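The same chain A turns up in both complexes below, where it pairs with chain B and then with chain C.
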Partner chain A sequence: MDIVVCIKRIPDTADVVGIDASKKDIEKDSLAFKINDWDDYALEAAVQLKEKQGGSITAVTVGPKEWDDILRRALAMGADKAIRVDQDMVTADCYAVAKVLDALIRDLSYNLVLFGAQSEDFGCSQLGVMVAEMLGIPHAALAVSLQVADGRIHVSRELEAGMLESYTIELPALLTIQTGINRPRYISLGGIKRAMSKELQVMSLSDLGLSLDTLAPMVRLEKLELPPRGKEAELISGSPEETADQLARILQNSGIF
Partner chain B sequence: MALAEYKYKDILHRCFRCGYCKFPTNWIDVNNCPAYARFRMESYSCGGRLWLTRAWLNGEIDWTDHLAQIMYSCTACKNCEEKCPLRFNVDIVDMIRATKSEMVERGLIPSVVKEFLENIQRQGNPYGKARAKRGEWIGGTGIPQYEGQEFLYYVGCVGSYDTRAQETARTLGKVLIKAGLPFGVLGSEENCDGNEVNTLGEETLFEMLAEENIQKFRDLGVTKIVTLSPHSYNTMKNDYPRFDGSFEVRHYTQLLRDLITQGKLNFSGGLNARVTYHDPCFLGRWNGEYDTPRQILNSIPGIELIEMEKNKTGALCCGGGGGNFYTDFLAGSESSPARIRAREAYATGASILAVACPNCMTMLEDAVKAEGLEGELAVKDISEIVAEVCGLA
Partner chain C sequence: MAEILVVAEHRQQKLADVSLQILSKGRQLADKAGIELIAVVIGADVSGYAEELARWADKVLAVKIDTPGESLAEPCQKILSSIIKDRKPKLVLIGHSSFGMDLAPSLAVELDAPLATDCIDISMQNDSIVVTRSIYNGKVNAVYSFVPCEIVIVTGRIGEFASEESDRKGEIEKIDFRLEEDLGYKVFEGYIEQEVGGVDITQADVLVSVGRGLKDKENIEMAEELARALGGIVACSRPVVDSGWLPAEHQVGLSGKTVKPKLYLALGISGAFQHTVGLKGSEMIVVINKDARAPIFSVADYGIVDDIFKVVPALTQKIIELKG
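Entry: the complex of A and B
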């Protein structure tokens, strides 16, 4: 079982978000960065499959040099090889990024492609399914369990209100992984250091036969803005008994109970 | 199995589970291992953990979430080391740390411990709050930034981010200003000291934090450090020299005692109160400092210092060590060590429970509330008591 896992690096805003002067990005100077949470679950799913079935894991991303840190982490987690397409596409649309990943993945050997179901920053949830369509392989989004048997993959995907939908899909296939499908392991700093000797390949758009001209976005980001402040919150003060009384009265008066 | 396998495998079996590791120094009960007090299962005592480690190393049991929780409920309080009658007793806390270290390397740690360590990797504090906000505790106090003054006042993660501990951090800063001490703080430039990271078994992350801190201190010309937390004091005094970081490190109580003796802090009044003092493990059992905090309290006119039955080498841990102030494996019960300790303090008849550690402060203040003792027993840091009698509060 050869698995390709697509991962993204996102800012850990830790409750500090500001919009920069371009109005198209957030201020990133003092932020820390990390692997997108959903992608961490996708990697763990790949590592668990490899532990059971053997095979290989290739972690891929599209981003500038700083993004090597999430690939090093993926290598420490159990990926055998990592590839970074050296192009900053943070503000590009999903379609443009999907075209890059399509060009990259179609030349790799794979049975299964995994994505996180969405990213913590833009949250579009489109990238994985677009890439599946471009590769011409079946897919399931929001996978909450998966098992491989007889060259097929059995997947449950999450619907509304706790409903699950189960599929058996022929391989090769693509899944987008929902959080909670597993418990991603801790990656120690020592583990990352030990994985430094693993292969991390850097490719350019031209290596993939692409150029920025061929990646014209279908959606353009006009501006980012913080949500307007809501009405001022009412702060209740007093002893626990008094505040509980006041809160009960407010809830009663608003018809909640 | 790095450390556990090569350093300790051959001595682990020498623990024959006499059970002394659970006793306080005065033998009055069997509940002085905080995790044993909470769960009352042999497996949660140090001896139990050593036997479980041995079984895990020998492949007799598999790793489970429960096994990891048993290891991580150890607060590294060193009560076991104090009581263990065997010759290898100086290593038994480190044996548990070695087991945790093995779990870290295999990625097999409880989710909340993972969160703790990843938050420190990214933001330099276990809470995952923004690094840029680390200096916000200073507020409008006028506590100066470090610019080559004689002392660096190192605050630590709890004092920098926990709302209650921030009050203590500010109060100590005001006391040091009043005493005319030349000092400064690092504010948002401060990073985690790594003491808890080390006790949680993340050795490489600890080394990185220690090396980065040492480099920063050197670049800034720091030679003397005064810490708010006994945890910072412990690691900077005992671990940093391993990384070539030798500074004159003092816990703030040691500095305050000297400032009082030298007449640099004059009490404008006294405090008519019965006070009991809770020994922080990283000041007491880890560093043998039992007298100085008591000397400060005894020097304040009006204070009657009453000891709890379990004190000094036999003090019960608040349950906050080894990252448990955040991971909270010992919470949720009348048998949580902090609640037992709050009851022990109340039983002395004291109206003030004095602490000298921001972790103990947060753990015990919550416990006093949970016990319904708010209004009867006030938890105060020694720096806050000193501030009060100096007319600063």
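Entry: the complex of A and C
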């Protein structure tokens, strides 16, 4: 069972506060970056499959040199090999990134391709399913369980309101992984150091027979805005004891207790 | 043909709410641009859905197929790509549901059409389409346009567009579709209801709801103490279930329960739309979160910007005192 897992590096959205002067990007100076949460679940799913079935895991990403840290982490988690396509495509549309991943993955050996179901930063939930169509393999988005047997994969997909639907899909196939499908293992700094000897290959767009002009976005970012505040909450201020006291009285006066 | 085409989704004898929401939005856009609104519905028996959709659409394409399951991505993609290549609508609208996420990206690639997903606003100005997306977990809105092209595909966020009543009587065209391709590589096995335990958060008057800010499973006890003082029960957002701190039956939101308690008290919840969409009907929403910019404050009636580990124990104590 050879598995390719596509991962992304994102800023911690809890720390995002502002838009920069270009109005096309956020202020990134003080942000901490990490692996996209959904991709962490996809990696864990791959590692668990490999533990049961054997085979190999290749972790891939498209990004600048700083993105090596998430690949090193993937190697520490259990990936055998990592590939980074050296191109900053954070502002590209998913279609363009999908073309790069399609060109990369089609030359790799794989039975299964895994993506996170969405990213924490842009949240498009497009990329995996686009790549499946380009590779010409079946897909299922939002997988919350999977088992492999006899060249097929049994998958449950998440629908709305607690419903799931299940499929049996012939391999090779592509799944996008929903959070909660497993509990991603803890990766220590020591683990990352021990994995430093594993192979991390860097490729360029031209290695893949691509150039930036064939990857021009069809969806164009015009500007970023701060969202309207909606209905403004009445803020209660003071020390914890004071705010707790005021809130308790509001709840009492509203007949909550 | 200048028209807007809406893809309707259904499951277990019901049209999806999001389909009626994007249909209403499509109606507005079509009226403003003076063009037709076409709805497509695909399934084994779609005549009932077609009549419902005809209240909004100028024309409904009722496509009959004999594949198991109802709104499955692969047969829908084959049928839709054929219809779209033929009709060339300016705009294709799909709900950003699990169905839409499984369908729209592969459809866009097959048609070589630009795709913008999970949009919270859509407008057509002088022949060009502009959409707004909510990014960075609700912290920022992004406005997008498209390169000049024949067809644009947009998926609309669930719960973002009001479904407005309409009493049009659109034309219904029945289509029998024969799939040429054998889709045996992907077999639908059935629906599964998530396991139900003993807790029903939809019936509680007071929900004390916890999120990622709770930091650790053992801190659930702090929320339970507050819930006990208020006569309520503990609910949660998705990361709490994903981390194994509470079972799924406690989860509020798109993939969990929709709740309408008298009081929804959110502790350490940032307010991703997937969560807030499930609690908007609450009579009173109170938020305690140390991040003043957390999107959850925009749906709250009262807010405290502070550390839940300082405020919540004091609040529990105060409520017990006041109750005497």
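As a convention for this text, the second predicted complex is superposed on the first by the 228 of 257 C-alpha atoms of A that agree within 3 Å, B and C clash if a C-alpha of one lies under 4 Å from a C-alpha of the other, contacts with A are read in each partner's own complex, and residues count from 1 in each chain.
The rule we apply is simple: a residue touches a chain if its C-beta (ideal position, glycine included) is under 8 Å from a C-beta of that chain, and two chains touch if they have at least 3 such contacts.
Owing to the predicted nature of the structure, the values given are computational and were not obtained by experimental measurement.
Colleague: If we overlay the two complexes on their shared chain A, which of chain B and chain C does A:Met203 touch? Say first, second, both or neither.
Modeller: neither
Colleague: With both structures superposed, pick whichever of chain B and chain C touches the larger number of chain A residues.
Modeller: Counting residues of chain A touched by each partner, the higher count goes to C.
Colleague: Please work out whether A:Arg185 is in contact with chain B alone, chain C alone, both, or neither, and reply first, second, both or neither.
Modeller: first
Colleague: Using the superposition on chain A described above, determine whether A:Ser30 touches chain B (first), chain C (second), both, or neither.
Modeller: A:Ser30 sits against chain B, while chain C stays out of touch.
Colleague: Touch check for A:Lys193: first (chain B), second (chain C), both, or neither?
Modeller: In the superposed model, A:Lys193 contacts chain B only, not chain C.
Colleague: Quick check on the superposed pair: does A:Val148 touch chain B, chain C, both, or neither? Answer first, second, both or neither.
Modeller: It touches nothing on chain B or chain C.
Colleague: Could you say whether A:Leu108 touches chain B, chain C, both of them, or neither, answering first, second, both or neither?
Modeller: After superposing on A, A:Leu108 lies clear of both chain B and chain C.
Colleague: Applying the touch criterion given at the start, work out whether A:Val16 contacts chain B, chain C, both or neither, answering first, second, both or neither.
Modeller: A:Val16: touches chain B and chain C.
Colleague: Name the contact category of A:Ala132: first (chain B only), second (chain C only), both, or neither.
Modeller: In the superposed model, A:Ala132 contacts chain C only, not chain B.
Colleague: Which parts of chain A are in contact with chain B and also with chain C?
Modeller: Touching chain B and chain C on chain A: residues 13-14, 16, 183.
Colleague: Flag every residue of chain C that touches chain A in the complex, lowest number first.
Modeller: Touch residues, chain C against chain A: 11, 16, 69, 73-74, 96-99, 101-102, 104-106, 108-110, 113-118, 130, 133-147, 149, 158, 185-194, 205-206, 229-231, 238-239, 241-244, 248, 254-258, 262-263, 270, 284, 286-287, 291, 293, 295, 297-307, 310-312, 314-315, 317-319, 322-323.
Colleague: What residues on chain A touch chain B, complex-wise?
Modeller: 12-16, 30, 32-34, 77, 183, 185-191, 193
Colleague: How about chain B: which of its residues touch chain A in the complex?
Modeller: Touch residues, chain B against chain A: 104-109, 111, 113-114, 117-118, 121-123, 128-133, 202-205, 208.
Colleague: Would you mind writing out the residues of chain A in touch with chain C in their complex?
Modeller: Listed in rising order, the residues of chain A that touch chain C are 11, 13-14, 16-17, 19, 26, 93-95, 98, 117, 120-130, 132-134, 138-142, 154, 156-170, 176, 179-180, 183, 216-227, 229-237, 240-241, 243-245, 247-252, 254, 256-257.
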